[in-house]
Every structure is written in C-alpha cells, then in structure tokens.
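Two complexes come next, and they have one chain in common, subunit A, joined by subunit B in the first and subunit C in the second.
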Partner chain A sequence: MTETLTANGFKLDTGGKRVVVDPICRIEGHLRIEVNLDSDNVIRNAVSTGTMWRGLEVILKGRDPRDAWAFVERICGVCTGVHALTSVRAVEDALGIKIPENANHIRNLMMLAQYTQDHLVHFYHLHALDWVDVVSALSADPKATSALQQSISSWSKSSPGYFRDVQARLKRFVESGQLGPFANAYWGSPAYKLPAEANLMAVTHYLEALDFQREIVKIHTVFGGRNPHPNWVVGGMPCSFSLNETGGINMEWLNLVSSIIDRSIEFIDKVYIPDLKAIASFYPEWTTYGGGLSSTNLLSYGDFPKVANDWSQENMHMPGGAIINGDLSKVHEVDVRDPEQVQEFVTHSWYKYPDESKGLHPWDGMTEPNFELGPNTKGSKTDIQEIDENAKYSFVKAPRWRGHAMEVGPLARYVVAYVRGDEEIKAQVDGLLSDLGLPLTALFSTLGRTAARGLECSWAAHKMRFVFDSMMANLKAGDTATSNMDLWEPKTWPKDVKGVGMVEAPRGSLGHWVHIKDTKIASYQAIVPTTWNASPRDAAGNIGAYEAALLGTPMANPEQPLEILRTVHSFDPCLACATHVIAPDGQELVSVKVR
Partner chain B sequence: MGIQKTFYEAMREHGITRRSFLKFCSLTAAGLGLAPEFAGTIAHALETKPRTPVIWLHGLECTCCTESFIRSGHPLAADVVLSMISLDYDDTLMAAAGHQAEEILEQTIEKYDGNFILACEGNPPLNEDGMYCFQGGKPYVEKLRRMASHCKAIIAWGSCASWGCVQAAHPNPTRAVPIHKVITDKPIIKVPGCPPIAEVMTGVIAYMLTFDRFPELDRQGRPKMFYSQRNHDKCYRRAHFDAGQFVERFDDEGARKGYCLYKMGCKGPTTYNACSTIEWNGGLSWPVKSGHGCLGCSEDNFWDRGSFYSAVNDLNVPGGIESTADKIGGVLAGAAAIGVAAHAAASVISHSRNNTKGGSSHD
Partner chain C sequence: MEQEGEIDGETDTLILGIGNVLWADEGFGVRCVETLNARFDFATNVRLMDGGTQGMFLLPWVSSVSRLLIFDAIDFGLAPGELRIMRDDEVPQYMGAKKMSMHQTGFQEVLMSARLLNDRTQQLALIGVQPELLDDYGGSLREVVRQRIPDAIQHACAVLRDWGVGFREREEPLATLDLVGPGELDIVSYELGRPR
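And now, the complex of A and B:
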C-alpha cells in the first residue's frame, strides 16, 4: 500500500498522479513543489524542495562582527533589513551593548515600514493573481465597478471614468499580443470566482499599490540612507538627529516620515483591507483548505520592544510564544538559548551530519553540503523529473521546536497574540471574522493566513504612528541619542562570547546565533522563517508546514496548479532566506569541487 | 505573433497626451545627461519601435535588484513593464508557474531569436554540476546559456551578475561566477550595485530602447553616464573632507553637523557610482547623507576589501589618503592644500582607469 501516517498525524498517499511545479513563480528565490493526486484530483502527498543554496554563513567566518549585518542583509532583498537587524541584535547581545531609546524607536519604525510594504507587495503583486482573473477584468462594467468600490470603501479613486481608463489601458495591453508577465497563465479557469467588476477593481489596485509601495520605503531611506538594503550599525543607528544643526535628521525629514505613515494607514485601510474582505467573500471554501500545521503548532518569538533592551514578552508590541498540539489554552515560553528547544535536522536535506537521526542546536550546528538524490528519483542528477522524498530532497533544513514541526509568520503571530489576550489583535481578528460571518477556526486555512497578513499590515501601519509619536516625545524630552559607542572598539570586547538576535520578520520567526572569539566571528548561524515553513521531513518523519498545508486540497485542473500556488503563496515564501549554510566551530567547509 | 505597439502608441492608448509624451522625452533626455535636442531623437525612437521583449532571469541572488527596479519613480516600473518593454519572463512577477512559465522561454526563442534582451539578476554557481541553483530540475547555468545564445544583448543587473557579490565572497563555497565568466560571445552591460539605483536601472533600459545600442561603457563594461565618477567626487559632505572635519564616532558632534565619514570607513573615495548625484528613492537621500559611510557596493569584490569601518587606505596616493586625512585633522591650516593634492593624484588614477582603452559600445 502507498499510504502512510506521518509522526505529526498526516495521512500521505504516494500513489496516483504525480504533478511537478518548478519553478514556483511570484516568490523570492527558487522553490519546487511535487504533489500526488488521487483519482478525484485531491492532493494526498506533497513535497517541498528548496532548489538554491548560497552558503553565506561560512563566508562570515573570521570577519569583523560589526560588518556582519551588511553580509546577512544580502540574504534577502525582499524582506530587506530584517537579517541586518537580527545580526546587530545578536552582536549586541554577545557584547552586552545597550542601545539608546531612539535607536529602538527607529528600528521599530523601520521594521514596521517593512511589514507594511512587504505585506502590501505580497498581497497585490505576488498573491493576488491566484485569485484575480486579469482577463475577466476586460469585460467589467466600469460603472458597476465604481459602485462596488464605493460600497466597500471611501477611497477617493473610485469614479466610473477612472475605472474606464484603467480598463482601456488593460484592453490595449492585452490586444497588443505582448502579454508580458501575464502570459501563459490560468485566465478563464473555473477556479477563478470573482465577478468581472471585482477583478477590474483588484487589477486597478495592483497598479496603485505598485506605485504606492515606493513611498512606504522612504522611511528606510531617511533613517538608513536607501532601500533596498538600508544601513544599520552595532550599538544603535548610523543616523543622527540634528534638530538645531545642519547635517542630520531634521524636522523636514521627520515631517516626511509622519506624512508617509498617515498615507500608509489610509492606503492599507481603504484599499488593501476592503479588497481582502471582498476577495475572501468569494472564496469561502478556502477557509477550509490549506490549514496544515496552523491549527496545531505555531511559533512566534515576539518582537517590537516598547522600551529598549528589555526582551520580556510583556515589553513586546507583538508578544510571542509557542502553541503545540492544537492546545489553544496555553502559550509556551520559548528560549532560543536552550539546546533542547530549537534544533535543525538534515535527514532529508542536502547536508551531512555525523548522526543524522539527531537534530543540532544552532550553537552546535554544522553544515556540509551533500547533494545526493534518492534511488527512486526519476531523471538524472542534472535533469530531475521527479524527486525521491524518501531520501534527501531539499536545500532547506528541517528546524523543529522541541521536536515539533512549526508554522511561523503572520498567522502564527496572530494566533499566539490572540491566545495571549492582546486586545488590539483580538479586536482586529474578531472584527474581521464577524464581518465575514466566519468562525475562529476559519483562520486555520489558506485564506486565514492571507487574512492575518492583511490585518497585520494594518496593525503595522497604525503602530508606526504610535512609535513615531513615542520617538517625538522622547526627542521633546531632550534625548536625541541614536548610538551607544562605548563598546565600539574591539579592544573593549570580551575574548570569547556568544549572542543571539531574534526578529519577527514579515514571514515569521528569525534567529541569528553568533560566536565571537578574539574579536572575530568564529561561527554564525541563522534559522529563517522560510526554513521553518518550507521545511522537508525530519528524522522522525514529521512533514513541514508547506507540505502539510497542501494536503487534502482538490485541484480543478491538474495541468493548472492554481490551488498549489494559492496555498504556497499564502506563506509568502522566501527561498534565498531559507537556504543557508551553517559553519561549525573551527571547521572549514569541505567538498568544494573546482571544475 | 501579435501586433506590436510602439512605445508612443502604447502611451497614447493609456491616455497620455502627445504634450505629456514629449515632456517625458525631454525629462528622459535630461535624466540621461543628453542635450535638449536629443528629446526629439527619443520621441522619434519611441514612436516607431515595438516593445522589446525582455527575459529577466534569476540565479543566486537576494532579489534586491527587482525590489530596487520597482522603486523607480521616473519612469514608473509599471510604465516600463506595461508600455516600454515587454517583460515576457520574470519568475518574481509573472503570473504563470511551472511548465507554463518555462514554455515562454522556448516561445521567445522561436518568435524573437536574436531580438530580445536578456536581463540577468544573480549569478550561476558552478560547483556540484551547477545544482546549487536549479530550476525546472536543471542547473540554472544551462538556462542562462540557452537564453544567452539566442538573445541580442545582456544586462547584468547588480553586483551579483556583474562581479559575483556576496555569495562569491571568500571562500565562495558554491563557486558563484559573474555572467561574463560563462557568457563570452554576447555584449554585456554591467549595472553594478547591491542593489543598483532604481533610476539607473530604468535609465539604462530607456537608453537602450531609445538609441538601439548600449550607452558608452567604460573598460569594465559599466555605462559611463552613471559610473564614471566616485561617490566622493560629488559628495555633499566633501567640503568637510577638504576642511579636515570628520565624524569620529557615530552620533558624535561631527555626525550631527554632517561632517565627512571618511574616518568611519566610508568607501566613497574608491566607489564609482551615482549615489551622490542621483541619490535613492526619488532623490531623497543616500547612505552617506543619512549618516553611514558608503559600503562600496558597486565595486568588484567589495566584500573582501577589509572592514566597512576601516578608513580607505588602498588608494595609490603618495602617503595614502589615511595619513593625509589624519594630517588634515591635526593641522587645519594645511588642510585645503593637502586635500587638493591628494585628490589631484587620485583623479589622475581614476582618469587613466576609465580611459586607458576608451569606451567600447556594443552596438
């Protein structure tokens, strides 16, 4: 029989038709998904393969820890800055550096701006086309589109003429025969359920959001000098306030930041959230598909410290913790320093451990690449047609919390904060569910994940206002410091120290573990949100979050992988982040063949 | 093959008036550093040419180039994608996936053999038979070679495609190499930076569409109009360098007065880029303006040139720029003279660097 039960309770059936989707587009990096379908075209087995590996952490060995943020920032240019912030936090933790309040405010502002821009771009440019039929928008009635727009939002761009112009532009684009990024897609599929007017409205906002996202990131440009890849510094922020001098951040720039915050709140609350609700209301079945691990195992480290240098959950704007085995009555505290809690397995990953039945805590972690395919692979080493998931099958490792496969990301954060009783988050979630007439369990689904991201985008935009006002109050009270340079010089550092930095990145829980010896990096290790979510199986056979979420979903047409895209995109994959190398203490990377 | 619209027709259809179109052409001419009479040339070109197909591939990278590209304010990324070029393949943005996506590559070769632009973000790793980056089950380098052999010209976006960038930093475990190491028979324009400035990216595209050739390139294959001067040359803090006024610590008195970041490790004196002139995100700021030194991210192998916080001392200037700057800091009276001397020497070097062989344009 081809049927098996996984350690984490999912039934797999490797019989039936195998469907391969490679590349999964509209994500960051390179990902391959293979599924088995039963005779009703329902997904009964899912295999997630990360298909790239860059080896950044080994590159960090022996470097100045103050430089590390710039290297690891290049892990990802989509969620830009998140690795840099995690890195400066890890180094500050190792060296015992306390940052000024303003630096904490600025870092919070920059991360909140990142959430706002990243979630917005994900929804409209990476995810919307899974739900929105661009071609159907051509047959919309602009007047009815205007009426629809005005019925769901007070957004000012809503006249029939406006939608007529957008539609005309779209029509001529399609008629040109050069469809560009919209070519060869799944337009007209019965899986698309929106009326033409909703499609036209969403396509219009696709263009508006592409324009508006440029504004949000200017918050990074003010404080970090540019975006993507703004600048950071160990000990605080590199920018200075110059309220009475010429040369730093002055009232003009502060006003710009304030105005961007206001415009972001307006755009998210008047465009993104109403669109999200409108689209969701046409896809009720997607509140039952795609749940995977979300109803059982969720992880969030918590982030956005209200006061600098206090890492207790009580001090977090977004409090964290872990939920396991579906027990929503309890949030477990997470200690990333505890060797028994966070561990990574490579049993099914293209790396080598001395004993692959065991996981390793990042402090003790190691990575030696080991690209080998299983005996049941179809094709060859350089032309893989079907992968053998019983062997090694991904460049993504399998991180586990106390042995459990976990889901991370906006939905995990929202459920954890909801269970902890956070009032803002509770009000948002309850409001959305009541608007859509859905039970709490609807969250544990593909649409639940997508909705949590939207709510969090609004949360982040509003939280920027709060943080900005707190920063201004601090400036008014006379504190203008942005950096603490007391321990800048390496000669002031201890000989041998370890540190951990944690960030709740847009895609979920991110941790960097650094070991500094004789003022240089001895080892550097990262466990990244997409490593959790895109994880392959582990030694015990637990499947990862993507794999679990795909199970049980019926495909309308196996030739058109829309359903797979919907669920995988609901996680917002970031594969450049997920695939990294961990260098063990004192050990050089081996098996690098030069051809 | 469908009816190909010219850029002008496409803009007109999108409700843009002829007057606005001509204004766009003037702004583009100005943005490219061209004399006003070139606005007419640009207008003529855009009126008569169909949208050029662009295939945008992603190898080992972090997607910061794509993110930067969509930040472009003039022209807007949406206008580039919908009206100027035909972005027929870009796995970060395209609606299709899997074999529907990959089919587009073969269709492009069939329809536009020798007539499409290949835009490369990221680079191919060569170790493990190229399998440290695979797409559709095959090594990325194969896809790159196949598309390159049929394209008209290649744009190497960013420092990954131009130089190798972070994954190629020592010890380069995947043996990631820049595009020109694997493609040697096609014209390549390098647009380095990690990432490049958005308007530099769209400016290069607009130039190529307008003049149907690469802009003039320096010896290293970079467009001279954006990469022929060092960030230091036009830095708004330059007067403080010349006056010997330096930031000594982040957020010190000098930092608040906007003094020079040279002693904080700024790589502006050795970095050829347009950050200090075009600036970032709509001309709002750039790293030095917001208080951090330049990392030198558009330079070859900038990751392996010492700490980002060590002052530049590898310029071949008598006595070294570092000793010069220290002297300047100590002896204010002699500052201007020494600064000028140091820069005269450095300028000679940069001049010879850029013009030894003259620019080679790949028409």
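And now, the complex of A and C:
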C-alpha cells in the first residue's frame, strides 16, 4: 500500500490503476486530471494539472493603469466583464477614486446579468450533458414528456406537439452525422439514470436556454455599449443617461432592460430550477460524492455593494468571508491586503521563487516559469503520460488563505451567506432541501455545487429587479452621474501606490493586485477562481479543491470518466485564464488513458 | 450613442474576427475586422464584430444572421502567412479537423449550435491565415502574417460583393464610437506599450 494522509486531512492511496483525462473542459481550457483507482474502481488519489502558462503579469507592466481593463478582458474568452471590473476596481482602490451611485448600480446589473447568463449556459451547455443522455431523448414519448413537463412547472412550452417537433429536429441533426455540440460524450453509459422523457425535456430546454441567452446579453449591450466586449472606465461607467431624449440610455432602452429582467426571472424559475430538481432526484448518490473541501474550507470575498464605495460585508447583497475546518458557527473576516492572509505557493507549480517553502502575497508576487518534471514522471516534456505529483506538476499556482486550501464559487458563497444568516439565501436553500427531502450536509457534494449555482442564478435574476428599481429611483431623483473624472489625469496621482480589486465572478473569488509607480503599472497579479479550485498541492502538502472533491467517488467504467467530468464540471472550471499559452500539439478532444 | 450590439434589428450579415489579440498571430482575425472597419462604411444590415475568444457567448449573434464572414488564424499545416478561403459546407469540415486554433472546438460548437437552433442554412465564409507564431503572449502579429491583411480584405470584399452586401470606401475617418474594439487595444497603442 502507498497510503498517506495530507495536511488537510485527506487519505491518499497512489497504488492501483492510474486514469488520465486530458483535457477536461468542453470549452477553451486546458485541465488534466489523473486519478488512482482501487480494486473497486473508487478514486483514492487525484491530481489536477493546468497545462498552460499564463503571462498576464508580464504584458501589463509599464502600461497605463487606465487601459489595463481592456487587456485583462482578453485573458479569458468567457469571463470578459469580470476581469475588466476587477481591474477598474483595483486601479480605483489604488488611486482613491470614488464612483457615483449609478455606476455602482450599473456595475451590479452587468455582473448580475453575467451570473444569469453564465450559470444558465454552464448548466445547459456544459454540465447538463453530464447527467442527460441526448441519444436517449430520441426515443422518448413526446406525450409522456409533455405530462412530465406539466407536472413540474407552469412553463408554457409544454405540449406534446412541441416536444415532437424538437425531437424531430434533433433526429435530423443527429442523422446528418454532425453531432456537433453533442459529440465527444459517453452516450448510453449506465451512469446515465434519467428516463427518456426527462432526457427529451432537458435537451429541449438546452435549446431554449441557448436561444434565451441572446436576451440577457442585451443588458450588457445597453450599458456596456459594445458586446461581446463591453466598455468599462476607471471612475465609473462609460455611458450616459438621457431619460427624455433619444441619445444616450433613454427610457426605451431602460424599459427593454426591465422586460428582459422579468423574462429572465420567469425562464430561470420555470425552466432551470424545475429541471435542476428533476435531474437531482434521479441522482441521489451525487449528494454524497464530490464534497471535497466544501464541508470544511470555503472562501468568498463578498460582492454587489448596496451603496457605492463601501466594502464592508454588511453593505454587500452577497456577503462574504471564510469558513475553515468545517466550523459552521463562524465566518472569518477576509482582508486581501494582509500579506499573511492571501498567499500563493509554487512548490508544486511550474514557477520559480527564491524560497519555495514560503508563499508570496500578490503585491510581492512573481510569475517566472520553470517547467521541470519530477523523477517519477512517465513520458517526456512534450508527451506526459503520467505526472509526478511529488514534484512540480501544474502551471496553476497554489493560493492559500491563512495557509488553508479553499473552495470558491457559488457553493462557497451560499454556505458563507447562509452561515451569516442572510434571509434570502437561507429561504432558498432551506426550500430546495425540503423539496428534495435532503439534509443540509447534502450541499457538500457535486450536486450541492450544481444546485447552489442554480439557486444563485435565480437569486441574480431577482436581484437585478431590485438593483434596477433602485437605479431608476436614483435617476428619477435627479442623479444621472455615471462617472467621476476628478482623478482621471495622471498628474493628480500619488507617485507610488498599491491597490486591490475584488469581484465575486460567477466561478468564484477573483482578485487583481496592482502596483502603480510613476503613473505606470509596476506590477500586476491576478488570482482567478479556477486557481483556487484547480490548485495543486502546496509546501505543506494540502491538496486543492478539485483533488479533494474527486476522492471517494466510484467509477462505473474507468474508460468512460463521466464521474470525473461531473465533479470537475460542477466547479465550472475555466482554465483559459488560470493558465495560458497554446499546448504544443493544439487542442484535442478528451483523451482517456487507463494504465 | 449607437447601440451597436442590438441583435434583433435589421442586421442579417455578421463579419466576425475571432482570436486573441494578446497571442501574436492569434490576433489576425480581430485585426482584419478592424482594418475592414477603418476602410469601409457598411450598410446598416451589416455588423462588424471583434469576437475575441468568446466561444458559445457568440452564439446569439452568429445564430441571428443569414450571412456570416469569419476571419481567423487557423492551423492547416501550410506555410506561415498562407491564406485559405472556404465557403459554406467547406467550413464545418475544416472546423472539425483536429487542430485549427485555440478556440477551435469552441467555435465549431458555435456554428453547429447555430445550425441546430435555426434549423436553416446560412451563407458562410471563412478567411483563415496560417500563423507563424502563437505562443508569444503579449506579442503582436508577425510580419509575414501582418502583410496578408490587405489580401484578406480583398478576399472579404469579393465574398461580400458576391453576397450582394453594400459597402463603400469611407470618406470621413472612423469615429471612435464606431470602433469594433476598445481603442486601448488598437494595434498602434498595443504595440507602443509592448514590454521590452
């Protein structure tokens, strides 16, 4: 036996079969997972590797801090707005710039719209297919599908004829031999448990959701002026209101936003949430697998300030904090400026520090690549067959809060807000658990993560309504300011300042740390949500969130690693910004190797 | 202010540059759309877009038009800088090839999803360039690729004329509001600020 106990209390066994899944994200992203299985095909060791290097820090050096948002918006294809907002917040923090109330409302609306769209697309486009068998939907009875739909929701698109049409469309598509978005899956695996009509219902909603996202993005277009890469500005938002005129954002546009908010709420509450419950009810075992760090260590910075420029947790629509060692009686305050709190380690990451037994706070951070493999690696640098996790094994750094590996994302936010006693979050969580007849501990699981994301999608849509109404009240009271340009000119800036911007991105806690010297960027470091979750081991041997979550899960068939995909997808991984630069042989479809 | 992202309006033609301007020759598609936009004025049914690497998030735009022209950097194993133009059914075939670009799978899925959503055919053209270098993070286009932008623009004009899309040479220089991307990232400021 090759059993060890990690510093954060997980038992690892590196014996048995080794399974390699590479890469694991369905969209842009380069994550590799290796696991060891025991003789019952239960995962006993997990290794998470980011296979590309990110050099963001290098390209921003020497640039105008007011331009940084436009660059960081390009580091990830999926999280554009969140990086831009984090960047302008970091620069505003450094320079002491206060933004107007309207700018805060608009930023909240932009981020809430992003949550709504991102969670919806993640669930239907990326994650639902881990649970829903598309090919089985072809054999569903449209009448039974209609009956099922009507039994779980009052959504209007529910007639047998409607489902028959969708099924016919799907059949034509599959028969044309172009499975497209549905290629590269494990259809027919015994791990799929839904009856055919539930599969057809979910696939139909997959199409409806993809179509519906076109509505949500209009919110970004109205306030950001441009999509898919909206405009941002240090000091506020680069748009203006003219309620009674045709130029600028007028009542016609605001009414459009208002109606999109209403339709988003309806779609999420009548389609997404009922689907989530229906699917979850067929996979009860997944409320016990995949928990990992979620029952012990969770982190959320908190976000969506009710009033502009007040960063206290009491002022947050989504209050944050840290939970450690599974103590649900206490939420710890998080100070991201404190050099002892947030640190990144590279002991097991392909970077170089002068002393790798210690972590560095991002203001002192370094990003110097050092790609070297351990002595027990199988394969070569361009063709790694089996990684040696006792050495360096990932381009993702290992961020820690007071030395603890932490999970971030919707589940972390929900548990933190729940423990803080937030009434809306508590009502949502308690309602869902009672509908499904599950205990609170069911949250600490793969499906718990997936459920928290769904609840948060609904929360975000309803919160858009609240924020929109607050903004309208402010506008009607005569305040139409959207930006504060008092400190726009570099000559007004201090010579040497540091700042930090934080955003709770859809995937989790995101921070940018900037150092501005002589009006230029002297250094820039980002810790993105997937860096927390996909983290490798650290100097003390703590394993990361993905690694912990995969332990203990039995696999039905190691050649079809659906179980690994389910848990990793439940985190909504986005490696595009966690690590970067093209892999030597370009992107392949998922390859699975069992040894 | 022009709401250039409006989706349901009269737009039926999308000219889309995809790729990441931060990765050397990956920026080809976006730079082509910028160049096209700087030179020509288009009829109101045409939208020019810097699509970045947005993947599925481009679906709302891609699925709502009947004509789609794409610029991208693509790996066909050709000589660096070589252009390849594909029309209609040729596009998905190449899109399905093993390596095409960073966001290959992403964009192939977008096209497929658009087809699935619409259940109708689109006129499609892809103007791709074989990159010389991709993994220069923070770098700009290599000379051999940059030199092909004018040719790519000519090919695009031919495709657009073929489709009957209206456009003419700009008489006035492009206004800031009409840029396809943020001015902070235009190729001149981008290159001036390059780390050395």
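Here, the second predicted complex is superposed on the first by the 569 of 595 C-alpha atoms of A that agree within 3 Å, B and C clash if a C-alpha of one lies under 4 Å from a C-alpha of the other, contacts with A are read in each partner's own complex, and residues count from 1 in each chain.
FYI, contacts are C-beta pairs under 8 Å (C-beta built on N, C-alpha and C of every residue); 3 or more make two chains touch, one makes a residue touch a chain.
Everything numeric in this text was worked out from a predicted model, so none of it was measured.
Engineer: Should the pairing of subunit B and subunit C on subunit A count as a clash or a fit in the superposition?
Structural biologist: By the criteria stated at the top, subunit C and subunit B clash after superposition.
Engineer: Please name the chain, subunit B or subunit C, that touches the greater number of residues in subunit A.
Structural biologist: B
Engineer: Tell me which partner A:231 touches in the superposition: subunit B (first), subunit C (second), both or neither.
Structural biologist: Once the two structures are laid over each other on A, A:231 reaches both partners.
Engineer: A:113 contacts which: subunit B (first), subunit C (second), both, neither?
Structural biologist: Neither partner.
Engineer: Identify the partner contact of A:22: answer first if only subunit B is touched, second if only subunit C is, both if each is, neither if none is.
Structural biologist: In the superposition, A:22 touches subunit B alone.
Engineer: With the two structures laid over each other on chain A, which partner does A:323 touch: subunit B (first), subunit C (second), both, or neither?
Structural biologist: Neither partner.
Engineer: For A:32 in the superposed arrangement: first (subunit B), second (subunit C), both or neither?
Structural biologist: first
Engineer: May I ask you to decide whether A:214 touches subunit B, subunit C, both, or neither, giving the answer as first, second, both or neither?
Structural biologist: both
Engineer: Check each of 37-45, 127-135 or 217-225 in subunit B against subunit C and return the one that clashes.
Structural biologist: Clashing stretch: 217-225.
Engineer: Please identify the positions on subunit A that touch both subunit B and subunit C, taking each partner from its own complex.
Structural biologist: Subunit A residues touching both partners: 26-28, 53-56, 58-59, 63-64, 67, 70-71, 74-78, 80, 121, 125, 169, 172-173, 178, 180-181, 207, 210-211, 213-214, 217-218, 220-222, 224-229, 231, 239-240, 247-249, 576, 581, 588-589.
Engineer: Which positions of subunit A touch subunit C when the two form their complex?
Structural biologist: Listed in rising order, the residues are 26-28, 53-56, 58-59, 61-64, 67, 69-71, 73-78, 80, 117, 121, 125, 169-170, 172-173, 178, 180-181, 207, 210-211, 213-214, 217-218, 220-222, 224-229, 231, 239-240, 247-249, 253, 576, 580-582, 585-589.
Engineer: Quick check: in the complex, which residue numbers of subunit B touch subunit A?
Structural biologist: Of all residues in subunit B, those touching subunit A are 1-5, 10, 13-15, 50-51, 53, 58, 60-68, 70-73, 76-78, 81-82, 85-88, 90-98, 100-104, 125-140, 142, 165-167, 169-176, 194-195, 249-252, 255-259, 275, 280-282, 284-292, 295, 297, 303, 307-309.
Engineer: Quick check: in the complex, which residue numbers of subunit C touch subunit A?
Structural biologist: 1, 3-7, 20-23, 49-61, 63-64, 75, 92, 98-100, 102-106, 108-109, 111-113, 115-117, 119, 134-135, 137-138, 181-182, 184-185, 189, 193-195
Engineer: For a test of understanding, state which residues of subunit A touch subunit B in their complex under the given definition.
Structural biologist: Checking each residue of subunit A against subunit B gives 20-30, 32, 51-56, 58-59, 63-64, 66-67, 70-71, 74-78, 80, 121, 125, 129, 134, 165, 168-169, 172-173, 175-186, 207, 210-211, 213-214, 217-218, 220-229, 231, 233, 235-242, 245-249, 256, 369, 371, 379, 381-385, 395, 481-483, 485, 488, 560-561, 565, 576, 581, 588-589, 592-595.
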